[in-house]
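Multiple structures are listed underneath, in structure tokens.
After this come two complexes, each holding chain A, first together with chain B and then together with chain C.
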Partner chain A sequence: MSRRGAPWAAVVSPVLLLLVWEWASASGVLREALFPRPTTVAATLARLVADGTLASHTLTTLGRIAWAFATAGVLGIAVGLAMGVWRRFSQGVDPVFAVIYPIPSVLFLPLVGFLVPAGEVAVVATTAVTSFFLVAYTTAHGVRQMDRLVMDAAVHFGARGWRLFAGVLLPGALPFVFTGLRLGLGYALIVVIAVEIVGATTGLGAFLWLSWQVLKVDDMYATFVVIAALGAVLSYGLAALRARLLPWIQDVAQ
Partner chain B sequence: MTAVAVPLALLALWEAASRLGALSPRYFPPPTAIGATLAGGLGGDVGAELSVTFARLGLAFALAAVPAVPLGLLMGMFRPVRAAVDPYIALLFPVPKIALLPFLMILLGVGEPAFVLTGAISAFFQITISTQAGVQTMDPRLLDVGRNYGARGLTLFRKVILPAALPSIFTGLRLGVGLALVAVVAVEFITAKSGLGHLVHRHWQMLLPTEMFAAFALIGALGLLVTRGLRALQRRALAWQESTDPL
Partner chain C sequence: MSARPAKVIVHEVSVAFDSHGRRLAALDRISLTVAAGEFLCIVGPSGSGKSTLLRVLAGLQRQDAGEVRIEAGRPGAPLTAMVFQEHALLPWRSVLDNVAFGLENRGVPRAEREARAREMLALVGLTPFARHYPHQLSGGMKQRVGIARALANDPEVLLMDEPLASLDAQTRLLMQEELLRIWASLGKTVIYVTHSLEEALLLGDRVVLLTARPGRVSQIFPVDLGRPRGLEIRASQEYGALLEKVWSQLREEVVRVMWEARGADAP
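Let's turn to the complex of A and B:
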């Protein structure tokens, strides 16, 4: 069902909320030290954008997400397809994955730090862990739910190796792959912020944490607005991209 | 067979590599040593840390599920509710909730309410959205049949809408508890001074990898228990439903 009816409500109600907030902080109903007025936050945001602070942190965070997402995506699709096709492989890795997958990604930071030098690589690798599992699991599921007949027909007509993979398996599993990628991107954003809070001095997560530690509440709000916008853009951007590039497939999980 | 052999082979390989020095035992202690530490209680009260994390997770989950399921149902059934609430849900759902932690700590102080609430908010949006989707994507024929047989109001809700939405609600609860676990453990790792996440952080800072890996194993087990447990519950409670979701 589409979201019909009263589209103006979607605009009016947030605007109203901001106005009430503005009035409440200005008149002292809300403590301004904790709830700065929306106009103050907007001014802070403008200042931090103008002096380049936010741009540099945003680019750092985006770069990390991009690397982590690419790594998780490529490895996840490859491993997921192998899991889907090759039962033995799937049975072997499943118990290992089952224990590692529920461990929240941030915790891998120390472990990854043992393997690679602390720094960018560690941050990116940590960010990629959970996304990798999401992509791999959904891809494997996508292969398993494919119509056996399609596979048999392809093999019968001589599709082997790379052609079978790129011509049959990947397109067949694509809706699931895409869902995995979308979920993986969402997780990558959550994790990168958490990792930046504990293990980095740059990026939006680090800047947010620094603002909290020195109690620059205005900066906190401004950074949060950027993080929220980033989340919305990544999430809805990917959905729009799918509708554009792959209009025939459906997202399998809302 | 393979399911047992592969993990065992990996553990054996790790054991050998660590004992022979191919993997630095300073960073990767042999699994048997980790097992021994785990059995010895990690040199402290592991049970206490485990129950702290478990309590935070349970509280966060309850705080999320109790308002989220009714809200999702209302949003699914009534268009005005949907129109009023949807913009906020849509805007806040993709935000990494861990970014709310500093705000909650400013408002509530550095302590349990802020930690638990971060976990609760993480789960809340997922549960709301799944519940709403469960109502909205139900087969409209079910509604027609229910109405034709005279079901109205509460009866229609209890006998038709709720059962149709249940699988999706369950999926939302399961994904929600996973998200709450991520948030709770991350908060423990970042700032709380107790819980399994803190255990990893403390032993990392003290460079005691054996204890750190032991804490890892506990968190993995807790995650496995919670997600698999809910999945088994779902299968049992909704036996008529064929599960199709991949995660």
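Let's turn to the complex of A and C:
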């Protein structure tokens, strides 16, 4: 046995859980109509992947996440930089942000629907709201936490204007920007599923809800699995991108 | 030394800061003259404004009164370059790009500034680490990058703000010898702030002692210990006598500050 962190330890608990679940559903401890066996879910997943149903919904959802994340990222970084650099701007927008930010994003769907064409644009815009705040706040914090001495040194060695902004302030804030982007991407996935449940007929959220309403529980569980996998892939993908783009950052446990 | 022309003239410089609604004097009518090629050390109790004086010379802090003049010998060369206390390197730049940073901001072409940066890295013994990032270096190595960065700018005057304060004792001794070697090979005018009297006597041509807040020039001690110097001078009698002399003066200042902090008059 290795002294620290055996790799198989992380596998034991999920495998055990699946085995217990399998046994419970098969033996009638759990009602199989509501808790189908993992093997049944796996078979359903394979069928839905094979006939293209899941692929089409997944692509729809991914497209919405991409648009929402891009919008939230670009606007969030721009507004966050402005908040970090100009104290007055930050003080000005803070009360408004503080009121809007904690509202569950999905509630914005009808409101956004009044402003932009209902449908696809409204779904994307609603998905972007919470991510925008997360990116903006962490970016602003990233600018504010810049080491005073590093800024002094940069100015002392002749960095001014654009060079100071793009060459010092921006890279200095980047580690925090990436943290904001990672949080924002996670929230985009959560919110897009919720929005699809209430306001769309396509996408993983819509398919999941439809499956539940017509009691095709196997389909619902299969969709769960896809959503979970999507979350993991997006999160690790962004972390890998960060490691690639920001090699100067010490490896800190996430 | 008196034969050498003046490089830096500090005339009646005063600086005050706002602190909790009151003006607190940090420097009070400081006057100093530094000769070209001189290694001048500044010591003083905490709060004597040593770093403030360097920041004024570096152009990072405006004085409220008085005048600073630095003789510009060569056109295009910056007047000062500072080695900061906590190295203050840009974490996202490689060692080489950090050293070339000032030249880059002045518009020096890439090939030229990199050649110059490599030269300076060789001088501080960091050639194999040109492509490393600061976080991959030890404290002593980072500080050497800070020195190379300042030297690469080829300033008229090199300012050093307790550059070795954060290093462990052994590394500090090695770096002191290194500094002496670099200074001897370049002949720069250096203004060096330190907490350590031993360091000041080892490195300096003269030692300026500042008083506690507000900082005034208390006394200036010439260090007649000959050159080149090494750590072995610490065994000499002259060194011991001078150290005792500077310390007794500094001690008075430190004790005064302690009593003032307790709200009483010194006995």
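Criterion: the second predicted complex is superposed on the first by the 228 of 254 C-alpha atoms of A that agree within 3 Å, B and C clash if a C-alpha of one lies under 4 Å from a C-alpha of the other, contacts with A are read in each partner's own complex, and residues count from 1 in each chain.
Operating definition for what follows: a contact is a pair of C-beta atoms (placed from the backbone, for glycine too) under 8 Å apart; a residue touches a chain by one contact, two chains touch by 3 or more.
Here the structure is a predicted model, which is why all the values come from computation and not from measurement.
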Touching partner for A:154 - first (chain B), second (chain C), both, neither: second
Touched partner set for A:174, first chain B, second chain C, both or neither: second
First, second, both or neither for A:162, with chain B first and chain C second: neither
First, second, both or neither for A:248, with chain B first and chain C second: second
Residues of chain A touched, compared between chain B and chain C (which is higher): B
First, second, both or neither for A:141, with chain B first and chain C second: first
Shared chain A surface residues [contacts with chain B and with chain C]: none
Contact footprint of chain C on chain A as seen in their complex: 147, 149-150, 152-160, 163, 168, 171-172, 174, 246-250
Complex contacts: residues of chain C adjacent to chain A: 58-60, 78, 81-82, 84-86, 88-93, 101-102, 105-106, 133-135, 149, 153
Parts of chain B lying in touch with chain A, wherever the complex brings them together: 1-7, 10, 27-28, 79-80, 82-84, 86-88, 91-100, 102-103, 105-107, 129-130, 133, 136-137, 178, 181-182, 185-186, 189-190, 197, 200-201, 204, 209, 212, 216-217, 219-224, 226-228, 244-247
Residue ranges of chain A touching chain B (in the complex, touch as defined): 1, 3-6, 9-11, 13-14, 34, 88, 91-96, 98-107, 110-111, 114, 130, 134, 137-138, 140-142, 145, 176, 179-180, 183, 186, 189-190, 193-194, 197-198, 205, 208-209, 211-212, 215, 217, 220, 224, 227-228, 231-232, 234-236, 252-254
